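Presented below are the structures under discussion, each in the form of C-alpha cells.
Heads up, the next two complexes both have subunit A, just with different partners, subunit B and then subunit C.
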Partner chain A sequence: MPKITIDGKQFDFNHGQTIIETAKENGIEIPHFCWHPKLSISGNCRICLVEVEKMPKLVIACSTLAADGMVVNTQSDKTIAARNAVMEFILINHPLDCPICDEAGECKLQDYAFKHGTGESRFVEEKQHKDKRVELGPRIMFDAERCISCSRCIRFSDEIAGRNQLTFIRRGDRVTITTFPGEEFDNPYTMNTIDICPVGALTSKDFRFKSRVWEMSSTNSVCTGCARGCNTEIWVRDNKIQRLTPRINETVNGHWMCDDGRLNTFKHVNNEETRIDGPHIRVDGQLTKVTWNEAVKEAVKRLKSFNNTEIAFIGSAFATVEDNYAFQKFSKANFNATNLDFARHVVPGSGDDILICEDKTPNSLGAVLTGIQPVADGMNLAEIINGIKSKKIKALYIMEDDIAQLDSEYETLLAKLDLLIVHASNKNKTTTLADILLPVSTYAEKHGTIVNVDGMIQRMRPAVATEELERSLDQMPMSRWDKFGTKFDRWARGKKYDAKPSWKILGLLSQELPNKLKYKMAEDVFEDVSQHVKEFSGLDYDLIGEMGVKIKSDKITAKV
Partner chain B sequence: MEQNIKIVLPEIPNLHELDVYIQNGGFNAAKKAFTQSPDDLIEQVKKSGLRGRGGAAFSAGLKWSFMPKTTDKPKYLAINGDESEPGSFKDRQIFEYNPHQLIEGILITCYAIGAKTAYIYIRGEYHKWIRLMQKALDDAYSKGCIGEKMKDTFNTEFFCDIYIHKGAGAYICGEESSLMNSLEGHRGYPRVKPPFPAQRGLWGCPTTINNVETITNVPKIIENGWEWFSKIGAEKHPGTILYGISGHVNKPGVYELPTGILLTELIYDIAGGVAGNKKIKCVIPGGSSMPPLRGDQLEGIRMDAESLKAAGSAIGTAGVMVMDEDTDLLRVLARITKFYYHESCGQCTPCREGTGWMLKTLNRMIEGNATSDDIDLLIEVANNIEGNTVCALGDAAAWPVKFMLDRFRDEFEKYVKTDVSLPVRNKVHAMRGTVVPLVDVKR
Partner chain C sequence: MGVKKRQKDLTTLDKLYLPEIFKGLALTFKSMFKPKVTMEYPEVKFEPPASYRGRPVLVQEENGVERCVACGLCSRVCPALAIEVRANETELEKERYPETFEINMIRCIFCGFCEEVCPEEAIVMSKDYELVFTNREDAVYGKDKLLVPVHKLKDRLEFLRNFK
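Moving on, here comes the complex of A and B:
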C-alpha cells in the first residue's frame, strides 16, 4: 500500500485519495472552507494550502492527490504564513457581525479565526458593501457581505439537489450569489445549504434571530416527515423546539434532509393552541379536562360494555414500535381484538430519488412488524369503516392518527359511534369527535424506535420535557450547566404539557383489566418486542445506538 | 543579427487576401506537413525551439507532445486571441494583416496533435478583428482550405474545422482554463490544475491551447525547416517576436524583430526614442503584469526570456511600456492595480480580496493618507497573493505592486507621511488595538 507522510507521521492511503482526505481519515484536520466531502472540489478558498516537499509552491490539500512517498507539512512556517494570509484576506471584507449573526457559535469562519487567525487586522480601509437581506427563495435569506464565496451552496444545488439554481455574478470582491433569471431557490433541499454554509451568509427564514446556538440543547433524533427517517438533531430552548438539523448517517440520509421535514415536523410540538394538555372526557357534549385516574377508569368501563366484534382498534404508522406493540398486545389480550389495522398515508408521485418517500409516515414497517393487522377474519381499515356504516362497529379506539381527516365522509361516520377513544398530541378533526381523549407525548418527548422504508430501525429520544418526563441530568442534554437554575436558565423554563407516550397510557388502562402491561420504560417494551417479533430479535437500544441497525424482513418492499 | 526577417507579419501588400496569400506560397507548408507524420511535425516544432508568445514562453512542441496519442475522446485545439493584457496589441495585427497564415498554422497544428476542431477565442472588444478573421475563415472555407473539402484540396485524409468564439470582455478568459470554461458556456473561472488541458480540457477532452502568434509561426517553421528557425534571434528563445511598444516613445507600434534584441535598441532605434528626449524612469517589458525595470538599469538587457529573467523581469507578451522621467509611478501603479482589481474573477480568496486591498491602500496614498508602513503592507499583501491563487492572475496583480514598490521605493517615499489620521471607516477593525494593544495580549 502506498504511504504518505503528514506532519512526520506515515499513513497508508488508497489511490485517488487527496491529501485532505487522507489527513482527515487519520485525525489530522487541514482547515477548509470550500471543500466538502460530498461535493465536487472547487479549490477556491485556499485555506488548505500546505507545504509539500519537492513542490515549488504550496499546494491545496483538497485537490492534490496523495502520492507514494509524498511528504506533507501542515504546520510548517510557510503553511502557517499562507493560512494566516488567507484568514486575513477572508476577514478584511467580512462584516464581523458575529454578535447578531445566527451562525455564531457554529461558524467555521469564527472557529478558524479563533484557531488560525492572528487576532488583529491590518486592514484600515472601507469594507466592500453588498446586499444584506436577499430572499434567494421561500426559505432562505442571503447576506452577501458575510459570504466568503466558497461556492458550496452552488455546488450542492447542482450536484446533490439536482437543480442548478444558484450562480455567482460579478467579479473580484464584488462577487455575489444569486439565482438564475426567473428562478427561485426553491428546490426541496435548499435548507441544507444553511448547514454547509461555512459562515452566516445563508440563514433560515424560519429560524433567523430566534436563538443563539449556545442557548439551545441538541438531541439526536429521527425525522418523522416520511418513511426515510432522516437522522436529525432537535434544538431546544425554553422547552420549545427551535429548529431541526440533519445529522450525518451515511446509510440513511448522508448529510442531508429535505426542507419539508425540517420545517413541518416539529411546529406541532410547540403549538400551544392545538396541544392537548391532560386527559379529557366528554361531559354533556363537551370535552372536559379530568384526572388521569378518572379518564382511565371511564375508558375501561365503557370499553367493557362492548363485545370484541363491536370494537375496532386503529394503530398508527406515526407512533413508535413500542406504542404499536403495546397497542396490539393490550387490545388482543384484554379485548380479544380482531378488528385491528392502521391507516396508510401514501401520496403517489410525491417521492424522489434523493430522500423523499411517497409514504408520509415514519413507521409503516414498524406497525406491520409489530402486528397491527387484522387477526384471523377480523376487519381491516376499509372494512372497519364499512362496519361503522352498518353499525356492526360501535366502538373505535384510535391511537395517534387523524382518521377523520382521511376522507370527507369519515367525520360524519365517526360521529355515529357509541364510543370513540383517541390518543393524540394535538387537536384535530378526530379529537373533536372523541368521547375520551388521552394526550400523548410527541416523538420529541419520548424514547422509542421507528423502522424506515429500508428496514433501518432507529431511536428517538426526548428533547422536550413533559410533566411526566422532567429534563433531568440523565435523560436530556443540557449544554450550559453553568446557567442551570439561574434566571438565564434556558433548560428549566417553558411550558410542559401533561402528556404520556401511548404505551404508558395503555399500561395505565391495563391496570384496570385482567392482562396488565408491566412496562416501566420504553426499553422494557422494546425488550418484549425483541423477544416476540423475530425481525427484532437480539436487538436492544444500545445496539441500535445513534446510527440504527438494518433489520431483515421480507416485508421491506422499498426500492433501495 | 538579421533584423529584416519577417515570419509573422511579412511586408507583402494585401497578404490578408486569400489569393495574395496563396500566390506568395500560402498553404505550401500545410501540403508539406500533411505528407509527414504528426510525430515528425511535433518533433520539428520542438527542435525549432518555438516558445509560446502568450506570456509563459513554454516550448510549443513540448506542449503538443503532452496530448495523449491514444484516446477515445475527440481532441481540441484552442487558439488564444483574448489579448487583454494592457500594453499588448500584437495578435490583432495578425487577424488584420496575416489571418491565413494563422489558419494554415492551425491546420498543421490540428494535424500534428490529432484535433478535428479548432476554436479561435478572440476578445469581445475586437469587433473589427473578429469580422476580419471571420472573413478570412469564410474565404478559406469557400476555397476548400478548411473543412471536409480539405481532403481534395490537399489530397489528404485529414480535415478539420475552425470556429471563432467571441469573448465577453473578461481579462481572465485569456487564462487558458478560464478560456475553456468560457468556450463551454460557463462563467470565466480558472480551473484548478492539475488536471492540465492536455489531460482534461474542453468538455473533458484533451486540448491544446496556443497563442495566436505562436501558431502563426508554425507554417514557416515547417516550410523553411526547424534549423532555419532555431538560428534566428536568441539561442534559447529563437524566432521573431511582435514587440508592442507603447508609452512615451516617438514611434509607438508593433514591430516584428528577432528575439534577443537590446531593449535600448528597441526603444531608441526602432521606436524613435523618448518623446522630448527625456530620460526613462521605468520600462515594463512584457505587458503590465511583468515586473518593471528601472530606466537607469536598461543597458545591456536583451529581449528574450532568459535575459529578461536574469534582469528581474519576464518577456510576457513583449508589450513594452516606456515611461519617461516625469511619470507619476504611484498613479501608474494605482491604475495597473485598478485593472487587476477590476478583472480579478473573484473565485479564490487571495486575489479576490487582495487586489481590492492593494487598490484601496494605493488610492489612500494618492490622497496623502499613507505612511511608509503602508508601503511595507502593500508589499506583504502582494506577497500573500503571489503563488497562493488558482491561476496566474494573482501573480499578475501582485508583481507590479511588489516590484514597483521595491525597485522605486524612493519614488513612493515621496508620497508618504510620518503621521496620518485615518477617518474611522471601519469601526470594528479600527478599534482593534486601541483599548488594549493586541500586541501585548498575544500569547
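Moving on, here comes the complex of A and C:
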C-alpha cells in the first residue's frame, strides 16, 4: 500500500485519494470551506493550503492527490502564514454581522477566524455592500454580503439535487449568487444548502431569527415524512421544536434530507390549537375531557359490550414498531381480533431517486412485520369499511391514523359506528367522530423504533417533554436553560401535553381485561418484539444505536 | 502559679461605667460639628456616580427604537441566567430585534457582564437602585420597564467609552 507522511506520521492511503481525504481519515483536520466530501472539488477558497516537500509552492489539500512517499506539513510556518493570509482576505468584505446572523455559533468562518485568523484586519477601506435580503426561493433567504463564494450551494443543486438552478454572476469582489433567469431556487432539497453553507449567507425563512443555536437542545431522531426515514436532529427550545436538521448516516440519507420532511413533520408537535391534551369521552354529543382512569374504564366497558367479530382494529404505519406490536397483541389476546389492518398512504409518482419515497408513512414495513394484518379469514381495511356499511362491524379501534381523511365517504361511514375509539396526537377528521379519544405522544415525545423502506430499523428518542416525561429524570437532552431553569423562570414553562405512547395506553386498557400487557418501558415492548418476530430477533435498543440496523426480510420490496 | 485573670473580670474603674459613658458622649459631641454624611432618604435621594452599577436597562434611541439586536450574548454570558431574549425579524436595517426581552431582577446579581459583552452598547447599568416588588412575577422586567431613552443614560455611556 502506498504511504504518505502527514505532520511526521506515516499513513496508508488508496490511490485516488486526495491529501485532505487521507488526513481526515486519520484524524488530522485541514481547514476547508469549499471542499465537501459529497460534492465535486472546486478549490476556490484556498484555506486548505499545505506545504508539500519538494513542491515549489504551497498546494491545496482538497485537489492534490496523495502520492507515495509524499511528505505533507499542515502546521509549518509557511502553511500557517498562508492560512492567516487567506482568512484575512476572506474577512475583508465579510460583514461583522455575527450578533444578528443565525449561523453564529455553528459558523465555519467564525470558528476558523478564531482558530486560524490573526485577530486583526489591515483593511481600512469601506467594505463592499450587497443586498442583505434576497429571496432565492420559497424557503431560502440569501444575504449576499455574508457569502464567501465557496460555491457549495451551486454544486449541491447541480450535483445532488440534480437541478442546475444557481450560478455566480459578476466578478471580483462584486461576485454574487443568483438563480438563472426565470428560475426560482425551489427544488425539493434546497434547504440542505443552509446546512452546507459555511457562513450565514443562506438562511431558512422558517427558522430565521427564531433561536440562537446554543439555546436549543438537540436530540437524535428520524424523519417521519416518508418511508426513507432520514436521520435527523430535533432542536428544541422552551419545549417547542424549532427546527430539524439532517444527521449523517451513509446507509440511509447520507448528509441530506428533503425540505418537505424538514418543514412539515414537526409543526403539528408544537400546534397548541390542534394538539389533544388529555383523554376525552363523548358526553351528550360533545367530547369532554376526563381523567385517564375514567377514559380507560369507559373504553373497556364499551368494547366489552360487543361481540369480538363486531370489532375491527386499525393499526398505523405512522406509529412505532412497539405501538403496533402492542396493538396487535392487545387486540388478539383480549378480543380475539381477526379484523386487523392498517392503511397505506402511497402517493404514486411522488417519489424520486434521491431520497423521497412514494410511501408517505415512516413505518409500513414495521407494521407488516409486527403482524398488523387480517388474521385467518378476518377482514382487511376495505372489507372493514364494507363491514361498517353492512353493519357487520359496529365498533372500530383506530390507532394513530386519520382514516376519515382517506376517502370522501369514510367520514359519513365512521359516523355510523356504535363505538369509535381513536388514538391521536392532533385533532383531525377522525377524532371529531370519536366516542373515546386517547391522546398519544408524537414521534418526538417517545422512545421507539421504525423500519424504513429498505428494512433499516432506527431509533426515535423523546425531544419534547410531555406530562409523563421529565427532562432530567428521563435523560432527555438538555439545553443550558433546561438544566438551570426553575419553575419560576418563564423559559422553563414550555407547554407540556397530557399524552402517552400508544403501547402505554393499551397497557392501561389491558389492566381491566383478562390478558394484561406488562410493559413498563419501550425497551420492554421491544424485547417482546425481538422474542416473537423473527426479523427482529437478537436486536435491542443498544444494538440499533444511533445509526440503525438493517434487518433481513422477504417483505422488503426495496422500491424507491 | 497564680489564677489567670479572666477577661470579663472588671476593675473597679470599669465597674463604675462612668469613664466609658463620657468617652462615648465626647465622640458624639465631636461629630455634631462635622459635615453630615447621612441623607434623609427617601425625601432626599442619592445620585450615584457614573461608575455605579444599578439595574441593567436597554438603550432606546431618539426615534423610539431599541438599540438591541437580540443577539443573545447578554443572556449567554449572564452567570445568574437572569436574561431571556426572544428575537424576531424587523423591516428596519438592523434586521433583528428583541420581540421580548426579560430580566428577572430576582436572579440579577448586578455584575455588569451583560453590559460588557454587548456588541451594540444596547444594555447598560443604570443608576436606578430602587427595586421593589412583592411577588416573583413582578420581578421579571419586560421591555416596558427596561427601555430607557438614550439621553437619560449619557453619563454611563460616556463612562463606558472612557473606561471600557
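To be clear about the criterion, the second predicted complex is superposed on the first by the 545 of 560 C-alpha atoms of A that agree within 3 Å, B and C clash if a C-alpha of one lies under 4 Å from a C-alpha of the other, contacts with A are read in each partner's own complex, and residues count from 1 in each chain.
Note that a residue touches a chain if its C-beta (ideal position, glycine included) is under 8 Å from a C-beta of that chain, and two chains touch if they have at least 3 such contacts.
Since the structure is predicted, the reported quantities are computational estimates derived from the model, not experimental observations.
Touch criterion met: A:Arg490 reaches subunit C, while subunit B stays clear of it.
Once chain A of one complex is fitted onto chain A of the other, the partner contacts of A:Ala104 are limited to subunit C, with no touch recorded for subunit B. With both structures placed on the common chain, the touch criterion links A:Arg208 to subunit C but leaves subunit B unconnected. Of the two partner chains, subunit C is the only one that A:Lys132 touches; subunit B does not reach it.
More residues of subunit A are touched by B (comparison of subunit B with subunit C).
Shared-chain residue A:Cys357: touches no atom of subunit B or subunit C. Of the two partner chains placed around the shared chain by superposition, neither subunit B nor subunit C is touched by A:Leu303.
Legend: residue contacts after superposition of the two complexes on their common chain; A:Arg46 is shown touching subunit B, with no touch to subunit C. Residue ranges of subunit B in contact with subunit A, taken from their complex: 170, 172, 187, 189, 192, 341-357, 360-361, 364, 377, 384, 387-390, 422, 425-426, 428-430, 432-433, 438-439, 442.
Within the complex formed with subunit C, the residues of subunit A that make contact are 98-100, 104, 132-133, 208-212, 214-215, 480-481, 484-485, 488-491. Of all the residues in subunit A, the ones that touch subunit B in their complex are 41-47, 49, 57-58, 60, 63, 82, 85-86, 88-90, 92-93, 96, 119-128, 148-149, 167-168, 170-175. Contact residues on subunit C toward subunit A in their complex (touch as defined above): 69-73, 75-76, 81, 84, 87-89, 94-96, 102, 104, 106-107, 119-120, 136, 140.
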